[in-house]
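Per-chain residue numbering starts at 1, and chain names A, B and C are given in the order in which the chains are listed.
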Amino acid sequence: MDYALQQVLNALAFGAEYSLVALGLAVVFSIMGLVNFAHGEIIGVSAYSVFLAAALGLTSPIVAVLLAIAAAALAAIAFERVAFRPVRYAPTTTGLLTAFGVSIVVQNLFMLLISPKPQSVSILNGLNQMWFFGPFAVSSLQVMELIVSGLTILALVLFLNRSTLGLAIRAASRDFATVRLMGIRANRVIATAFAISGALAGIAAVFIMARRGSVSPDLGFSLVLKAFVACVIGGFGSLPGAAVGGMLLGFIEVGLLVALPQEYGGFKDALTYAIIVALLVYRPEGLLGQRVELGDKEI
Amino acid sequence: MLKVENLSVRYGAVAAVRDLSLSVGQGELVALLGPNGAGKSSTINALTGLVAPSAGRIVLDGQDISRVRTEDRIRAGLTSTPEGRHIFANLTVGENLRLGAATRRDPKGVRQDMERFLALFPVLSERYAQAAGTLSGGEQQMLAIARSLMSRPKLLLLDEPSLGLAPKIVVRIFDFIGQLKAEGLTLLVVEQNARQALRFADRVYVMSSGALRFDGPPSGLADEHGLLNLYIGG
Amino acid sequence: MSQAIEDTAPAAVARPGGALARSLIGGLVTSLPVLVVGLLILNFAPTYYTFLALGAFVNLIVVVGLQVFMGNSNIANLGHSAFVGLGAYGVAILSTPLAMKKLSIPNAPFGFATLELDPVSSALLALLAVGILALVSGKVISRLSGVAATIVSLALLIIVHSVFLNWTGLFKGNQAFFGIPKVVGLPWMMVMSVVVIVLARLFKDSRWGLQLRASAQSPQAAAALGIDARRLRLVSWVLSALICGLAGILYAYFAGTISPKLFYFQMIFNTLAMLILGGMATVTGAMTGVIVLSVGLEFIRSIESGVTIAGIQLPQLLGLSGVALGVVIVLCMAFRPSGISGRYELDELLSRFFRHAK
């Protein structure tokens, strides 16, 4: 029983993290059709900011968390301003490849300017402890991941449904020109979407650093690949789809970890992706994606 | 209120609007008529800034807004209800209206206006929390106009308000447009449906093939010979 | 839109035979620069440059393979190095001498440990394996929308890489797989490059290629004409994979040693940047990009490893080449999305040039 509960918590914690990152990708994709492969590097900028601040003498974990989120949001806005704005109206493939290029540049800048090797960051290690509830021992980090992700998603939903800017983001996902006819500035809507996307990535960066205790140039890359897969399985561009896809991915992964014999543990990622691809055979549009036929009435 | 001087719009080698000049005075309802492809929508898009004119000036209240971004033209008081309505289908009726007032900073006034339009259009009130995409075409047009009015514009551009609607509903929409005029709003209505557009118009412009063919009072149109009637297609 | 579709099919020729001859000659003209560079290196260059050139030729074949899918379907493929790797490991497992296998994969399953085939049969079987994987993955990818297809191509790369790493009994895991017979030199590499360039060109100009490009530009219009875009995407995916697999086979046969990390993201970055810089719409673009970036990257690598300028030893600058690659991609996409060569093939440019000169 203890073991099963532990694994469910594991799956929820993994899933929550994937959901956060996948939501960040989906927010940006839904309004401007950009497949942001540089999202992992936003996590990277966030983590390296904390690393540098700690190296310069920062000791407060709370400040480090705030710094991580702010740095990620600013990095996301900066990427948009510098690299994505010139290709804003270009075809999806152009934007995707641009983002891929940005990802390569930033990853290699970390190598060039800091080091290709992982660097130790211990400032957030305090988040990762064991908590004991009677007979149960749980990782504080996992509990926090779950709670923080849940609250963040709740905040995002409230923002998108209540605030004018949130409404504008949802409206812009269908009809950007008309949003501008409401007198709402396009740049402001896009910058807000990137800031949200970045802040979600920053929260993920905090969890990664707390778990690993180190930063490395490819820190966010594999996480973002998984988040992309979560988006695809949920239905690309759908926000609920991203959250659900992330959770599903978490459960598939932990399920495989439990089911696979030790010596085949290395195949976990391969099998996870294979299962996802197999699911896509049956639902090419994703779990919550709508099969849009040309000429369908939009609702 | 609005003065357009020698406006031209080109799409590559194609000239959609050529050397167009028109004006709309305070409190006037001006109709811009013309057959399909006459350049009416290009004119509207140039006025709102969604397409850049290749030549000419657009002056609103004495200020040249030719180089001003769409968003800021709306803020300056020029609002447009686009052709084909373009309501936000995935948002509720209420959310659509709220976005219409996005530029305003007086929550109290916004609430009053909202209540006013909901009283005016009981259908919108009934469907307040429903996705706007589920409304009928006529209801969507009402919503689109109400959404534009939520920004309290000085000048409202209406692009083909009758497009794709049943004749009975078109009459109702134009009744409402007449009412807006009576309340003192300045309007520029672009239409193919001349008969309806002329009901309340103070002045009329007729366009065809990108250029202005007629400029005068509605009564002047009746005197013109048959060719003009062809242009209007009314 | 119809204007744009016409533009991609320059000068439609009435006779089908004439069109075939035209694109055959076009392909050969396009591969001329490759032959010239190859012959120059073959006859005049020192060994070090020959080795570099061999690597560049492998990249050329990969990039041409990538162009076959990306250029015609306009869907980004970020997983093609999986097929390069499978081709390379295929011949490694089949053709490595038994004595060597005893050292590297003594416990290989399915009797591979005691199997030693000649290089040609090994290559054919490796291509068969690549073809099967391409067919299976292509079935999924051709059904998805553009973005989802790209993500799944990435997932495929990770799956294949992870199998290379973890199925140690067959692929030797993280360690280098050595002892593959070195049977390919520059002449063979040149021949194969010409073959794939002509092949890519024939596909692009074929009815299938034209239909696929049309449907990439306007799915509705193409569907209204009865074009089955899914099937065409599948065909181009498989052809693209086979060409990439061939590149892997040739790499294994000239290098003699391979390891999984060769066929992972670094290869994707390099070849993608080459294709984008050269221009993905044409086979000429693929070739141009490889030539320009191979020279450029070699120059940057020499700085990266720490050069001595005027007696001052500069530090190692690891990551410099990566930054350069990324910058090339970003700048290209922002300022010239059609790459250096744009819309026209080399032979088309030449014939336009001479027509104007007259």
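Following the convention adopted for this analysis, a residue touches a chain if its C-beta (ideal position, glycine included) is under 8 Å from a C-beta of that chain, and two chains touch if they have at least 3 such contacts.
Everything numeric here is computed off the predicted structure, so don't read it as measured data.
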- Message: Thinking of each chain as a vertex joined to the chains it touches, would you call that graph a line, ring, star, complete, or other?
- Response: line
- Please work out which of A-C and A-B is bridged by more C-beta pairs in contact, and write that pair. A-C
- Message: Based on mean C-alpha positions, which chain is nearest the centroid of every protein C-alpha shown?
- Response: A
- Query: Whole-Å distance, chain B centre to chain C centre, using C-alpha means?
  - Reply: 54
- Averaged-CA centre spacing for the pair chain C and chain A, given as whole angstrom: 31
- Item | Intercentroid distance (Cα basis), chain B paired with chain A, Å | 42
- Query: Which chain B residues qualify as touching chain A in the complex?
  - Reply: 48, 50, 69-72, 74-75, 79-80, 82, 86, 88-91, 95, 98-100, 102-103, 131, 133-134, 147, 151
- Per the touch rule above, chain C residues touching chain A in the complex are 74-76, 78, 137, 139-140, 143-148, 150-152, 154-156, 158-159, 162-163, 165-166, 219-220, 269, 272-273, 276, 317-323, 325-330, 333-335, 337
- Complex interface listing, chain A residues touching chain B: 164, 167-168, 170-171, 173-175, 177-186, 297-299
- Going by the contact rule at the top, pick out the chain A residues touching chain C in the complex. 29, 35, 83, 86-87, 90-98, 100-112, 116, 217, 225, 228-229, 231-232, 236, 264, 266-267, 269-270, 273-274, 276-277, 280-281, 284-286, 294
